[in-house]
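Okay, got some structures for you below.
First chain A sits with chain B, and in the next complex the same chain sits with chain C.
Moving on to the complex of A and B:
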C-alpha cells in the first residue's frame, strides 16, 4: 500500500478524471424517511455534486452491482428436441464505485471467498468484481453500526483506492492497485508527513469512538453449537415475519434459486438466478413437499448459523460485517446484537 | 487526460469444463440425449442418457454416489444420483421418480430428447477403502437408486470383498425397483434380503420393518465380522436414523457407515445454499457423508 496526501479539492478532480470515460456509481440522497432523515442509495452519477459522500449508510448495499437481485445465467435457443445454450456475464465495460465504506468493502471480500475461490468460481460475479474500480471513503457511524465487533471497521484490501478526510482541508489516500496509482499521478498529491499520520490516527480514533453498539463474538461458534436447542430461537421465530427483507438488505447474503422459463412461441428459454432468503418458508423444501425447516424459528436460526458459525468454520471470519442494515430494515425490529446477546444468555426481548 | 479503465474478460477461452477452478466452467453443460426410458414402477423410470459429443463423453467420469444436475431447458434443473456403473463410459442411468415439475415433464419425454448434464458433483462412497471386508448395502424405497452404483462396483470387483448383503425395504410389492437385476446380484454371491412394509398374496418373503431383517442378518455375527464390515445406507431420514443407531449398537464405528443425504440443490457447486445442512453444503461435502459427520451436522436427519 502506498500513501499520499492531497488538498480536499482533489477529490472532485479525481471524480472528474474518471468520469470522463467511465460509468460512475456512488451514494446519492434519494428521499427523506418519515422521521425526516435522509435515505441514501447507490446510483449512477454524472456530476460530483450529486454524490453525498458524507452519507451514513445506504438502505440497500452495493451488492446489487456485483450480484444483481435477478440475472439470466443462460439463454437457450430451442429447436424441436434440440437446443443450444448461450451465456452472458452481463458486464461489458468498467465502472467506478465512488464512496464505499470499509464495512461494505469487507462484505465484498467475504463474498469473494465464496464466489471467486478455487471451487467453482462464479464468472457472473467475477466479471463485475474485476471491472468495478472501488474508491473507499471514511464513514459516519450511526447507532446501529457494530462493525468494530466484527473487525470490519477498517479494510486492508479489496479496493483500489481509499480516501480519508483527515481534517484541515486535507485528504489521505491509501493506494492499493496499480490502476489507482496511475490515476493518482495526475492529481496534485504529496508524501504524507508525520503530522498527516497523526491526523489520520486521530480521525480514526474519533470514528471508532462513535461506534457504540457491540456484539460479543467470544467463543460464538461454540456457543451457537451448544445453544442449538435453546428456546430463544422460537422466541425470535415468533417475531420474525419470514419476509426475507434482511437478506435483501444484507451486503453478504448470496443464497439464490434458479428458475427456467420459456417464451410463448417455444423458441427461447431462459435460466434465471434470483437471490433468495433462507427465512422464506420454502427455502429448504425438497421434491415431494418435505420441508427441512418449516418453522420460522429454525430458519432464523439457520441464518445465524450460516453467518456466525459455518462461515467462520470455513473461512476464519464471520459472514456478518456489522453494517446493521438487516436490523434497520426488519419490520419486526429484530437486530443481530439483540439476537446474539439473547443466545449468549441474556433475555430475549 | 484519458483514464478509461481497462476491461477484464474473465473467461476469455469460452465455456469449457477443463477445471472446476476455471471461471468458464461454471455454467458448462454437456449436451446429452435420452437413449432409452425403462418403466420401473408406476412412479419411477430409468433413463439412459448419453453425452452427444464424443470428446465430452470420454471426458466424463464419476465415482459411485456422485450426482449430476439434469436440465431440461425451459423447464428446470435438478440433482439426481447416478444409478449406473462408473465403468460404463458410454452412458449413465438415472432412476427418477415423478414428483415435481421437471420430473413430470421427464415422465412424458421420449427417446432422442436432448437434455443438459452438469457435473458430476459431490462426494462418493469410498469403495476402495472397503476392499478386503464385508459390506452391508441397506436401502429404503428410492434409496436403492444411488446404491446401484456401489452395487455395480461390488459386482465388478467381487473378489475384493468378503460377505456382501443387500437389505432392501419397500412399501409394497409393486414398488420394488430393479427387479430384473435380483437374480444377477444373487449369482454374484450377494445376499439379497427384501422386506415389504405391506404384505401381498404374491409375496412370501418377510413383511415388517427393515431393522428386523437387519437384526436377523447381523445378529449372529461375531466381533471379528463386525470389525471387518462397512455399511452403506440410503433411504428416508427416519429409516437411516434407526438403521445406523442399530449398526452402531452392534459395534460398527460411525466412520464406517456411509449415508447419502437428499436436498434440493439449485447449483450443485456450493453457491446457492439451498442444500445447506447447518452450514455444510450437501453438494460439496456430500451427498455421501460418513455417519459421524452426519451426527455432527445440525438438523441433518
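Moving on to the complex of A and C:
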C-alpha cells in the first residue's frame, strides 16, 4: 500500500477530476426522520457539495449499483418462428463510488467471492464491480455498528483509494490500485511524516473505541449447529414480519429469483433477475407447491445460518459485515447482536 | 374493438388462441376497467390478444359468447346476484377484477354498521334506494377462478396475467409484501417519516405504487401470504398510532376483514 497526505481541499479537487469522466455516486442526505436524525442514501451526485461524507450510514447499502434489485439478464426478440437473444451487461459510463465505509467495502469483497470467485463469474456483477472506482472514507460509528466483532472495521483490499481525515485539515490517502495512483498524481499530495502516521493511528483508535456493540462469534458455527432446534428461532419468527427488508438493506444478501415474461405484443421476451429474501414465505417453495420453510422462524433461522455458518465454512469468514442496517430497518426491531446472543444462551427479547 | 379480421397471432410460430372476453361491473366505480383503456401505449397489443365481446366503458356492441369474464365491483343488490349467476353460466373463467370483486372493496365499509336502516336514512334521506345491508365479494355467490387484486388493478399486471393466460403460462401472484418492491425502489420507510403503512403485510405486485408517492399503504391488495398482521398492529401502536388509525387502514378495502373485525370488537368500536 502506498500512503500520501494532502490538504483537505484536495478532496474536492479529486471529486472534480473524476467527475470529468465518471458518473459520481456517493452518500447524500435525503431526509430527516421523525426524531430529527438525518437519513442518508447513496445517490448519483453532480456537485461535491451534495456529498455528506460525514454520514453515519445509509438506510440501504450500495449493493444496488453492483447488483440491482431488478436486472434484465437477457432480452429475446421474437420474429416468426425465430428468436434472437441479446445480453447487455456493459456500463454506459464508468462510475466512482465516493465515500464508502470499510464495512461496505468488505461486503463487496464477500460478494466478489460468490459472484466472481467461481468458475462461472457473473458477468453482470463483474462488469459493474470492475468499472466502479471505489473511494473509501473513515466512518462515524453509531450504536448499531458491530463491525469490530466481524473484523470488518478496517479493510485491506477491494477499493482503489481510502481517505481518512486525520485532523488539522489534513487527509491521509491509502492508494491501493494503479488507477488510484494515476489519479493521485494530478493532486497536490506529499509523503506522510511519522507525525501523520501517528495522527492516522490516533484517529483509528478513537474510531474503534466508539464501536461498542459486540457479537460473540467464538465457535459460532458449532453453536448454531447445536442450537438448530432451539426455541429462540420460533420466538424471533413470531416477531418477524417476513417482509424481506433486512435482505434489501443488507450489503451482502445476493439471493434472487428469475422470471421470464413475454410482452403483450408477443414481440419480445425477457429474463429478469429480482433480488429476493429468504425471509419471504415462498423462498423455499418448489415445483408442486411444497414449501421447505413454511414458518417464519425457520426462514429467519436460515438467514442466520447462511450468514454466520454456511458462508464461514465455505470462505473462512462471515457473510455478515456488522453494518447493522438489517436491525435498523427492521420494524420489528430484530437485530443481529440480540439474535446471536439469544442463540448463545441469553434470553430473546 | 372487434379486430377479428386481423391475422392470427403466433408465438414462436405457434398459433395462440384469442379468447373471447367480456368486462362486467357490479357496484363499483368502474375505475379498474378504465385502467385497461387508459393504457394507450399497449392497448392495441392487449386488444390483439383477446377478442372483446362486451365492455361498457369502451364499446357499444354487446355479445354474450364470451369465455372469460372480468367482473369488477362488489355485490350490494339482489339483481347483481342474478347477473352474476348468468355470467357464471356462460363464462368458462371468471376473474374477480379489483379489490371490490375480490374483497368487497371500499363498498364493504358499510358492513361495519349494525343499523343499516339508520345508514340508509342518513345517506339517502328522501331518496331511498334498493341496496343490501352488506357489500360482498363475488366469491360469496359464484365460483371465482382467478383474482386480480388492487384498487385500482395495475394495468401492467393485468396485461401480464392476460398474456400468461393466452400463452398457457401459469399465472403466479406475488406472495411477498409491498415492502420488497418499496425497498427495491429505494424509498424511505414511511414509518421513519411518521406515516402509518400496511406495506409489511399487504400483497406486493403493485410496485409499491402508493409508498413511491410517500403515501402509506392502505392494503388494497389484501394480505400477503403468511402476513404477520398481529405484529404489525403491535408495531403501529409502538409508533404511536391509535387503534382507530390501525382499524381504518385494516378495514378500508376488506382484504383484512377478519383482523379488522377482531380489532373492532376489541376496542368496542361503535356499530
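In this text, the second predicted complex is superposed on the first by the 345 of 349 C-alpha atoms of A that agree within 3 Å, B and C clash if a C-alpha of one lies under 4 Å from a C-alpha of the other, contacts with A are read in each partner's own complex, and residues count from 1 in each chain.
By our rule, a contact is a pair of C-beta atoms (placed from the backbone, for glycine too) under 8 Å apart; a residue touches a chain by one contact, two chains touch by 3 or more.
Everything numeric here is computed off the predicted structure, so don't read it as measured data.
Once chain A of one complex is fitted onto chain A of the other, the partner contacts of A:248 are limited to chain C, with no touch recorded for chain B.
Of the two partner chains, both chain B and chain C are touched by A:262.
In the superposition on chain A, contact of A:81 is made with both chain B and chain C.
Legend: residue contacts after superposition of the two complexes on their common chain; A:271 is shown touching chain B, with no touch to chain C. In the superposition on chain A, A:94 makes contact with chain B only, while chain C stays out of contact range.
Using the contact criterion defined above for the overlaid structures, shared-chain residue A:309 touches chain B, although it does not reach chain C. Contact with chain C, but none with chain B, is seen for A:238 once the two complexes are overlaid on the shared chain.
Taking chain A as the reference, the larger set of touched residues comes from B, when chain B and chain C are compared. Legend: residue contacts after superposition of the two complexes on their common chain; A:127 is shown touching chain B, with no touch to chain C. By the document's definition of touching, neither partner reaches A:188: not chain B, not chain C. When both complexes are aligned on chain A by C-alpha atoms, chain A residues 78, 81, 83, 261-262, 266, 276 touch chain B in the first and chain C in the second.
The part of chain A that touches chain C in the complex is made up of residues 30-31, 33-34, 39, 41, 59-60, 64, 69-70, 78, 80-81, 83, 238-245, 248-249, 261-266, 274-277, 280-282, 294, 296, 329, 331-332.
Interface of chain B with chain A (complex): residues 1-8, 10-11, 15, 20-27, 29, 71-78, 99-100, 103, 110, 112-114, 116, 262-264, 266-267, 269-274, 276-280, 284, 298-299.
Residue ranges of chain C in contact with chain A, taken from their complex: 9-13, 16, 42, 45-46, 48-49, 159-160, 162-163, 167, 169, 175-177, 179-180, 183-184, 186, 188-189, 191-194, 199-201, 224-228, 231-232, 235. Against chain B, the residues of chain A that register as touching in their complex are 17-18, 20-22, 73-74, 76, 78, 81-83, 85, 87, 89, 92-94, 96, 114-115, 118-124, 126-127, 130-131, 133, 179, 182-183, 186, 225, 228, 254-262, 266, 269-271, 276, 278, 283-288, 292-293, 298, 302, 305-306, 309-311, 313-314.
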